[in-house]
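Naming follows writing order (A, B and C), and every chain is counted from residue 1.
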Amino acid sequence: MNLEANGLCFAYHTGKPVLKDISLAVQPDQILYVLGPNGCGKSTLLSCLSGIRKPDQGSILLDGIDLFSIAPEDRARKIGLIPQTHVPAFAYTVRDMVLMGRAPHLGLFDSPRRADYEIADQSLESVQLSHLRDRPYTELSGGERQLVMIARGLAQQCPIMLMDEPDAHLDPQNQHRVLELVAQLSGQGVSFVIASHSPNNALFYADRVLLMKDGASLAYGKVSDILTEPLLSTAYELDMAVIGDVDEGIPVPRAIVPRRPTYSRMEPDDIERLETNLAKVFADGQESPQLIIVTGQSGSGKSTWCKELSLRAKGIGLSIGGILSPAVFENGEKTGIDLINLADGSHRRLAGQRQGTSSGVTTPRWQFDEATLDWGNIILGNLPPTDLVIIDELGPLEFRRGMGLQNGLRVIDERAHPVMCVVVRPSLLSDARKRWPHGLVMDVSGKPGDGRK
Amino acid sequence: MTHKKAAPAAHLQTLAYIILLALPLLLMLVALTLGRYPISLSDVVRIFLSLVDRSFAVGISDTAYNLVVRVRLPRILVALLIGASLGITGAGFQGIFKNPLVDSNILGVTSGAGFGAALALLLSAEPWQVQISAFVFGLIAVALAFVGSRLYRTAPMIVLTLMGILIGSFFMSLTSLMKTIADPLDTLPAITFWLLGGLTGITWRDVPWLAVITLAGSFYLLLTRWRFNILSLGDEEATALGVNPNRLKIAMVVFSTLMTAAAVAAGGVIGWVGLVIPHAGRILVGPDHKRLLPASLSLGASFLLVIDNISRIALPGEVPLGVLTGLIGVPLLIILLFRNRTGWQ
Amino acid sequence: MVSTRHSTLLNRMLVRGLMLNGFLIVILVFVACMQSPATEPVVDAGDEGVVQDMEPVEGAGGEAAPQSDEQAETGGGEPASDALFTIQAPDDLRPALTTLYGAAHDGKLPAFSEQGDLMAVESPDLFSEYDFDRVFYYLPDTGLVLSSDSQDALEFAEFAISPDSQQVLIDEGLLPAVVTVTDQAGNTVEIPQPVRRVINAYGPSVYYLYTVGAESRIVSANYLGAKTIDSSGGQTMARIDQRYPEIVSDTVTANEASVEDIAALEPDIVFTSPESPWIDAVGEVGIPIFLYDAETPEEIKQAVLTTGEIFGPQALARARAWAAYYDSIFEAVVSQTEGIAPEHRVKVLFTGTEPLRVASGDMYQTILIDAGGGVSVSSELFGYWNDVNLEQVVVWNPDVILVPPYGGASVEAITESPEWQVLEAVQEGRVYRVPQLVAPWDTPTPDSVLAVVWMAQLLYPDIVDLSCDAEAEYFYQTFYGYDLSPEETARMCELP
């Protein structure tokens, strides 16, 4: 029996389509996997295919006949729905649950007869759960419930079964047990449409895959055509990797996993060993721009580290640009912040202690000098092509309020320099990493001998 | 295929099922011999035999004959019918609402009927007019809840429940209003008594119409009883199994409402039966509605007959049925809920 | 019939032994008065003469001087010689009467005489000596007795018991300015005197006001058995009291009343039952509230007597007269039925709004049955109305079944029911409806005393020597000032 859907559109609320122009076809013996992230419309698609919901547009054909022209009980004899594992309000026995699959075969006033009980028992046998026949369904494990639901589909004697997330909430053993049974039944002529958000099982069990995103069909076809890194990455909005073996020269995929973003940390003393990690950064920087995100608690020596870096870089003959903003100390007290142009060493006072602040405030409040900020912005806006750019530092003013040294953000975004070093405080690290996911994080807090001078 | 041996629990349930079905008949025979007026068992038997052959009644006083035939028998029958009605509709409503904590008043039928009776009593109506008013307002309440639920399309069952509760509260407010304007000397006690339920005034006149409605409704519910299993899975699954849940539910609600309204009209507001009986039924025969509905019918009839016998016999003055069902039913429900949670989760 | 009636009338006099004595006095007085009508036609002409005759008497009292001074100050210039009637009073009662007379007649002086149209008498039980409508207690235990047909004397006597008169006597320090009583919920209520405007919200208690003669002070009332003018009780009530149509209210009731409505009527006191939900709100406005809660004979008597206290000397005296009558009826029936052995007493079933709803032992109805010499079969029940089943009624096997006259209860509901035919009482038609004129006789109203007479006559016609007809006529004439029509008497007292 063939199930075919063409151009399905469906919306619960007008203007908010859940399904957009979905087409698919299932032949006997086939297992069609509908993949996609949560909320992409898989369950709605299944409820349309099972006849629960009528699509707004498009057609569903069962052996060429419009699904919705078929009487409900006839339809239910051909298409069975195996819902996500759920707990019914009443603790029916396993046998009672399976018997309910006989509903489309019985009249309104009929109750199941001996023959129906036999079919139910046979179905339970097929899923090897006969020993649980008189147990309450509600007391079974998730995997067993899924199998009982499949048995109900078998008792329903329908050639097409729709399964909604059979692998959700199941441990690997139970997933295996359920899906092996699906594969076995598929071999006996039952076709399956399985909605899932787990692409790995599709890799092993699917004949066809429909990849959905935001209610639309992203791709539809054979497993090897669909389960590719670019398509999966688009569907899941995640860098996906297809990992596999090579068998006799042919790559055989074994697993689909998200690729972890490159996230490496530099150690503070890497600066002392420029020949090691930092040297590698500089080496890589010649091919693709590299970013170092320097962070650390206030007073942990971020500016000092940057200054050190600039000196060492100069020492190995690299050209430097950018700005530093070291603190100014008087009598052991931080009294201000300077802004230094690394290209020529010129500096201006960036901030002084705010006067007349409310009493009792322990943290010093800084009053920034607008003219110096403009000066810094001009420096950053006209950086010559240098090997290393240091920007110390970008704070909430820049990240959150769109003010201050905006040119600093732009310089890093443009990635026009081989190596860039940007200083942010820990509270902004997540903003920085979101903006520049490939940056190497350098936390100078733990550096021995750091702190105030 | 090999016929597997059923678990012991299943055997016990089958046994319980068979006993339950015979229970009302047994209790009825016992109840006929019980009463404030002493009539011996042999006299009761002879009175019954005299219905076939007059000669058996020789030597039996008219009083005894009349009490058994005119007073005890109709009251026992009405107790059985009302109990059966409340039991089976309670089980049915719990099934279609997928909620073991509802009963047939979920759609406001009892509250509506209570108002109808209070209104008629306030207007000093005849007893039969009170019954008709109760019956009609019971139906009106459910009809209002149903019409109200149609205003909102997407989740009809939840809205129907909500509307039922709202309409029920509305009619209860109206009943309270009736009570405040009722004469404390005459109509107020009449309303209060009616709202507590009781079968003291039952005569043969009450039996035929109650029997017709209860038996017809029960017949329909019993015919479709297996489908309640499927309805209890929810609308979507029922649809996927080829069942039209809405059509089935409407028919079920119509029959149940007629039955409940008739029961309330005949016996006043008798709470708890529709809630407790299905629970007890599930423990005895399991949650399968194929057995649960007949079991609830039997158990409800038996329960109310026992309660009514207590009310009838224990004291010279009758304890209102609604009070007794609460006093006995609530502790019973608490025990059932905590001791045995089979049947629902 | 006639002979029975006479004998019971006589019997009633015997029961209240004092009364015979009283009637003799009345007759004597009446005879004495018969002589003055001879001079009546010349009242206009002989005015001066009579007064002149009186002057010395007053002078002899030694109190004429201040009165004359006052008279002179008033400057009316008219001597106290134009009094329209004469008052016979001991010296110590004259000052108050002079003040009252002055208040009623623009400061004029009354004419005292040895044989006046009015007699001022100090006695607590004038009602037992004189006709009810001829006694006017203007001070505690001190009343005027009207002994002639003088319209002016009657008007003065009526003035003497009015709130205006009460005010004069309060100013004189002869009556208290505030009466403090305890209501039936145990509250102490202080009631400034006189009480001129009354709201009665509780249905049964309105009849206490009629019994003590305070009905003219009602501004709004709820009537048990006569809720609206359209009801049959309302029609009767309108005949009893012509003000009824304007004062009956079905909006200010014990169950519900708006504080605003109550305040707008500016009442001096509000009567209701402790169940009224609005008591506290009305209390906030500062209106005295008196709560009635009477279910036993003692409580009913207390209710009537306290009501009397609230309305002044005349009301209190009437209340005492009613209480004496109530007790005398109870005692009469007890004395006549005490010889009946318990097993021979008639078993009575008192049903309620439904045939199978019966009165408990705690209810007034059971006390009335006991008072009437019967035995209530359902007295073992407690609380309020109880539902029972017919089998229980068969076990009780009552001789007589009583049905109340309210709540849709009917004799036919029992007699026409095939099920009830198992009872001998039903087969033989011994099912009766308790009578009512307006207030049902089985309720805690003054009228309930008649239920005892009615029941005693119904249960023991051969033993009890009381007549429902005679007592009903006497009761309504005396305490409601209403003459029953023969139809009304028959409707209440005639047994089917």
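Methods note: a residue touches a chain if its C-beta (ideal position, glycine included) is under 8 Å from a C-beta of that chain, and two chains touch if they have at least 3 such contacts.
None of these values were measured; they are calculated from a predicted model.
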Touch-based graph of the chains, sorted into line, ring, star, complete or other: line
Closest chain to the centre of mass proxy, which here is the mean CA position: B
Chain A and chain B, separation of their C-alpha mean positions in angstrom: 56
Chain A and chain C, separation of their C-alpha mean positions in angstrom: 94
Chain B-chain C separation of Cα centroids, rounded to whole Å: 53
Chain C: positions in contact with at least two other chains: none
Footprint of chain C on chain B - complex, ascending: 35-37, 62-63, 66-67, 70-72, 75, 124-127, 180-181, 183-187, 189-190, 193, 198, 200-201, 203, 312, 316-318, 320
Residues of chain B that touch chain A when the two form their complex: 1, 4, 6-7, 9-10, 95, 98-100, 154, 223-227, 229-230, 232-233, 236-237, 239-244, 248, 282, 286-288, 290, 342-345
In the complex with chain B, residue positions of chain A that touch it: 12, 47, 50-52, 72-77, 79-81, 83, 87-93, 96, 99-101, 103-104, 106, 108-112, 118, 121-122, 125, 130, 133-134, 136, 138, 156
Touching residues on chain C, where the partner in the complex is chain B: 203, 224, 227, 254-256, 275, 352-358, 360, 378, 380-381, 383-392, 394-396, 404, 406-409, 417-419, 421-422, 440, 443
